[in-house]
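Shared chain: subunit A. Partners: subunit B in the first complex, subunit C in the second.
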Partner chain A sequence: MISTPKDRITTPQSAVILINYVLGTGILTLPRTAAQAVKTPDVWISVIIGGLLAMLAGIIMAKLSERYPEKTFYQYSRDIIGKWCGGFISLLIICYFFMASAFQVRSMTAVTDFFLLEGTPSSAIILCFMWVSLFVTVGGINPIARLFEIIFPITIIIFIVIASLSLRIFEVDHLRPVLGLGIMPVLKGVKATTLAFAGPEIMLLLLAFMKHPNKGVKVVVVGIGVTIVFYLVTIILVIGALSIEGVQAITWPTIDLMRSFEIEGLLFERFESLLLTIWIMQMFASYTITFYGAALGLAQLFNKNIHPFLYGLLPIIFIVSMIPKNVNDLFKFGDFIGNSAIYLFGGLPLLFLIISGLKERKA
Partner chain B sequence: MWKSIVAYIPDWKVFALSLIAAIIPYAIYKTFDWIRTADKMKSGESMDSNQTTQAQDPNEWFTGDFAKDLEAVRHEMARHSDVYFREFQIGGIGLKAAIVFVEGLSDKNLIDKHIMKSLMSDYEECPKDRHRTNGNLSKEYILNKVLSIRKVDEARRIKEMTPKVLTGSTALMIEGLQDIFLLETSNGKSRNIEEPISEGLIRGPRAGFNENLCDNTALLRRDGENPSLSLIKFQVGKREKRDLVIAYMEDIAETKLVEEVKRRIRKIDIDSVPESGYVEQFIEDNYLSLFPQVQNTERPDRVIGALMEGRVAILLDGTPFVLIVPVTFSMLLQTPEDYYERWIPGTLFRLLRYFAVFVSFLAPALYISFISFHPGLIPTKLAISIIGTRGIVPFPAIIEALILEISIEILREAGLRLPKPVGPAMGIVGGLIIGEAAVQAGIVSQILVIVIAVTAISSFSIPHYSLGLTFRILRFIGMFCAAVFGLYGVILFFLLLCSHLVKLKSFGLPYASPAVPYRLSDWKDFMIRMPLLMMKRRPKMMHTRNPIRKG
Partner chain C sequence: MNCTSYSRSLLISLIFLGILFLTGCWSSNEIDKLSVYVGVALDTGKVTDIENKLEEQGGRYPKKDLMTSTIQILTPQAAGAANKGGQSKQKPYANISETGDSLFEMIREVSLRTDKPLIGHHLKVVVIGDDLARNNNIEHLLDFFFRDNDIRPSCLVFMSSGRAIETLKSKSPDDVPAFKIAGIADNQYRISKILPPMSLGKLKGEMQSGSSFLLQNVISANGEMKFAGAAVIQGKTKKLLGFLDEQQLNGVIWLTGKGKGGLVKSFDEMMGRLITYEIKSMKSTIHAYVDGNDISFRAVIKSEGRLIENWTAKGAPSKNKFLRRAEKAFEQEVEQMIDEVLKKTQKDMGVDVLGFGNRLRIEHPNTWEKVKRDWDKTFREATVKLEVKLSIEDYGAIIDSSIAAD
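== the complex of A and B ==
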């Protein structure tokens, strides 16, 4: 009854954190970025491939973390490649995390500004968002996990409702022909779709908090598997309704899908408010966990309490989030973060795994 | 290159705001931190002062000289006008004796028929050898042969005697005996066992607790033969001491939990404890939270149900409200009737209550956000009819909603205090006449009246009064959030509320459980109520010592 002094999270909680982290901007933008890259209706195949690649990267990271129980990446990277190199890599990852959180809060603001709150200053929207997130983050990983567990079922229920309602304007013809231009276009889209699955990197930190760290691989498989389903449903519905040509020209295709049909006789006729609700919650989740990841990294790097870093990061994230001037800048920023994710988490964990394996053999 | 970088460096305002971003939450954190530490300092100081008061305690022993002792007792009781002395002679022997009692607190019949009568009757046949030494009666003889009283204590000091006499016992002084007998004769008036007003049921026992602790513990005992029901007595209040009993099932409740409850009750340090609400506020985990972290109830069946789940009940003398700890949010939305009725209606009523909670704190906020910020998101026809009714209203939606909400709150508060015959009249004047007139005068719109009325009714359907209060307050916060940020504000408000709920704990048990962390086995009795056949175990979250209920 009286809680254990050490923060521990269960296996389902870890999976929920992973899902909530991965789902985010992708729901709204993935159909467009993928369609622009692939240009044929086979986008959904790219999504599956991208998801599987992300899953592979996640499994590697989980395997790596499994070797160092109760330690986060920030702590064990020193053991693998020495204090200074490990510290430098950790610093890069910390930068990645807070850049990612700044990107998430800014893209949330962009959508909110555009669809819900015209004329409200972005800074006000961002500040409130960051403060609410800070409130839960100061409690540590356990409240974060529990909050995500509340957000997750709400997301699923609303998503299923709006997805099934949008079936009314779904046309299978928009998805044909399958592989009409061969496999090449599909492969071109894989990079864009893999970026939407950025998120398994949280396994580098999460495993240290898990009650059963040996189930890390299972968490990755379930977590990424669920997100693949989410993204797949989204992309099939959006392209099925708006066609591949239509999707490429729209900034936020999923919202446009919700606006493009009305159902009479229900309390609501249009469902974009529901979509925006769950999407803001998902962005909140993604932002919170990256914010926590960055602050945790700083705290462990300098071996200090996490609280000053939580407060100290707020101004930095705020400034970074205000740098992009318009939506195009924002998307460029997103691409930059995605690319750095590929460099940081695509190859590096595998390298670390090999080095640590070699070291073990020597010893 | 350099130019393009410079172009992206934000305005100085952004830097100023970024400082605000850190300073405001830090200031809030510091303030709360200061409140907490200040509170701790204070309680630490008072702990020290107690120990000094307990040390001074004059001992006045009885001398054995009847006249002298009686005079001492009279002197001690001089300040208590309701204390009566009756001097008499023990029958046949001529020994002097006196009884001391408080009028009204002690049982008249008992004193007249059993104490006085048996002492004043003839003692001729009393054996002279053993029990009478130089003209006096022995203590054993009086205890074993004379007094036909259930419970007799002995006192050697006036200090021991006074509190007992003042709570209804009768003191008996006999010439030649150094000790004084304290005869248990207390007979305080207590209310009958009636149906609890605050928690009515259609189906279920009609009994409710009353103000007498003995009656209340007896109600728990009488519930069924159950030797494992433990009742442990404490005294709270430094100046006005009151009995407090904690009840738990010896072989079910987690030992750690029971110890924690005992520890917190021992820490209560105040001169008097008038009601269990005092106890609640001293033992709760987070007094800055809006949510009640202790359940209070007047129903014995509810208490027994909680004890069977491994919880602990706290009964205080002088109040019918019994406290149950630990409590979870879902528990406050359940009623015993959910279990007495069959499972399908039980489930549906529960779901209805969750929906009512949602409506009761978010409906006005959603109304404000849709009307002021996103009229495009509501169906066109509805939007037209709302705008039609709102056309002549001169206020923004938030002011309009506040006018009506505050009037309803005043109406409720007034209705609570009014004598019963006046109540309905006030309801008619307040609710019907003012509501109707306000709409016709164009101060508020009809749609809003509907929204507010539905909200008020929904908040009545929350079975736990304290939780209803919480949502009444939250509703206003939600309305302000909606007025500033629209739907976005409502979402942030919801997230903030959830963040608070997941952090809150009641005696170590997460307040939001069993919702989070996911405990599928406990979901059988959460938003839905599965058939009793399927509920084979006690709630897992309680870590009970004996998890199996049936089978």
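== the complex of A and C ==
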């Protein structure tokens, strides 16, 4: 079903999918969550460490998938630990993707409702968002990849422009001293920053669609590398402008960074809407790929066509996304998803890799 | 054939339907049905005449008269008429005052008095009167501004040593006082008596860090405003502690090296005549030293500039000798200003608003962790050494015989 030749994606396309998936809510909240954990200006070091850890996890997953060409995790997990156990783990991962997609939708609404479209019912925003996404996913992985290829350069260009504009309120003193209180505070922030890099798990599925699955590791290194740069620039600019103490008290620090200056004489004076635009595109990308991941999982688990699952999941995601009652619940929901990502994708793939290696040696 | 024309007409009607729904105006408000407010002044509660009369007729709601907020609204109709050369006597702005305790409530109460509700997207300045700030936590007063989604963190915060409402009034029919205040804050490159602008975003950080800080002071007399010194806010209480005058603020700018332009005025010591130095650049390097329990600082201030006024005319000795003497006179002037502000803030008020704590944090993070809780008190005992070096690079378009006769 997935091995038709047109459903293949190139290596750069896979990297773009990975980048677009990883960049999501993190851009807006990472400076705060990381600053709250670290409490010294060394947050940026935590970001690098977190990124490298995520890269390591991604490489393990890519290596694992490489052993089973043309198969997604949902299919080869049965080969490794048997039908029932594999099915169960697959179900957990499907749940993860499914929850993640509900979370993306909801945080997108929370931000647009506060900063952009106050008064517009959130169901109206969510429904448009979900329908457009459904339209893309029905076409399969290829349209998704091509859409992401359009989103990616727009994000990069706008991000570079607004990031350089915000330099005018940057104060280097806010980022000093480096490692003033030693390495301990940095390590405290690693968990928060690693969570922001959730996304390499897509390699478990993506490799099956790649024209050159042996380039999986390269995709992970490039993809996570680009997101490390993205997050690093964001966090340095936000903390340089708003100070480590200020950032801890701001719900959406990156938007507040853009709202903290006005530039006269340019076409626009205010740039937060540009940031929101690229951020919504990134949220759309993350949502689309998790939604597709969940539906694909169900389809392969029950060996059926993917379309009914795509349509069927739609209302369920909508309902789940409406469950968090307030912003606190929403952040808790996010933490829960992050934690489950650590359990599901931190250790399991390595275990799978070892088991499959042992099995091979026996055979 | 029939089938394609049918589907084509369906497509076209769908496109038209799409256009109808894609206008994206779900919760739109027409701009001419809104009042854009650009400035807010906060003072201690003093119920205005009009409010009194309205209350007499029953316009009351449960509240304490804690503060009076004056909201400056743009009146574009009047501004437009003035632009067209019409003899409009109307000012381009209007001030509405509300007295109460919750800022948000006061702003929403305005909707009972005008058909155009207020929107905060374009709020440029907030001015706080000294009586209010002396007795109230500024963080509480400004909480609404920090939290609101319309108001941007780029809005600037000022203090007034008089009643803040006066700073939002102007004599001239063309000025919008709120814009004028924000505009004067940009004049840092002309004079070194203006603090770097304090936006709400930056202020939030200051509040969180708990350090004492300065806010620019704006005063007004007869509808004319002036930036006059700075207000000292104590980090612990977040209340107003006192004011620095213009000269002291000048000392602050020199010590922190945040100036972008300005002047130093002095008198030649031999002839007692006036000489003036135009600042081209200014740089301050502060180092912190920790020796046991003793904390000391050394500030090195360097500046380059131009001799822009010289009344000594003739009879002065050879050029470099004179320039050295003039530099020395300017240096003494600057040292004196800094000494004065140090005495006032460090010894009299007992606060650090000059960024010494920040240097200690950067250079001795471990010591800082120990003393940061009570830094203002610790700072009182710290010694500050000063070194000022001004160099005159040129003396303008005129070569005085006194300077050139070497």
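Heads up, the rule we're going with is that the second predicted complex is superposed on the first by the 357 of 363 C-alpha atoms of A that agree within 3 Å, B and C clash if a C-alpha of one lies under 4 Å from a C-alpha of the other, contacts with A are read in each partner's own complex, and residues count from 1 in each chain.
Operating definition for what follows: a contact is a pair of C-beta atoms (placed from the backbone, for glycine too) under 8 Å apart; a residue touches a chain by one contact, two chains touch by 3 or more.
Since the structure is predicted, the reported quantities are computational estimates derived from the model, not experimental observations.
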Partner chain(s) touched by A:R176 [first = subunit B, second = subunit C, both, neither]: second
Subunit A residues touched by each partner, larger count belonging to subunit B or subunit C: B
First (subunit B), second (subunit C), both or neither touched by A:K325: first
Touched partner set for A:I250, first subunit B, second subunit C, both or neither: second
Touching partner for A:G119 - first (subunit B), second (subunit C), both, neither: second
Which of subunit B and subunit C A:L242 touches, first, second, both or neither: second
Subunit B versus subunit C as contact partner of A:S260, first or second or both or neither: second
Footprint overlap on subunit A, where subunit B in one structure and subunit C in the other make contact: 117, 120, 124, 270
Contact set on subunit C toward subunit A in their complex: 26-27, 149, 152-154, 199, 201-202, 204-206, 208-210, 358, 361-363, 365-366, 368-369
Of all residues in subunit A, those that touch subunit C in their complex: 40, 114-115, 117-121, 124, 169, 173, 176-177, 180-181, 241-243, 245-250, 256-257, 259-262, 270
Parts of subunit A lying in touch with subunit B, wherever the complex brings them together: 1-3, 9-10, 12-13, 112, 116-117, 120, 123-125, 127-132, 134-136, 138-139, 143, 145-147, 149-151, 264, 267-270, 272-273, 276-277, 280-281, 284, 311-312, 314-316, 318-319, 322-323, 325
Residues on subunit B engaged by subunit A in the complex (per definition of touch): 8-10, 14-15, 17-22, 24-26, 29, 254, 256-257, 260, 326, 373-374, 377-380, 485-489, 491-492, 495-496, 498-500, 502-503, 505, 507-510, 512, 515-518, 542-543
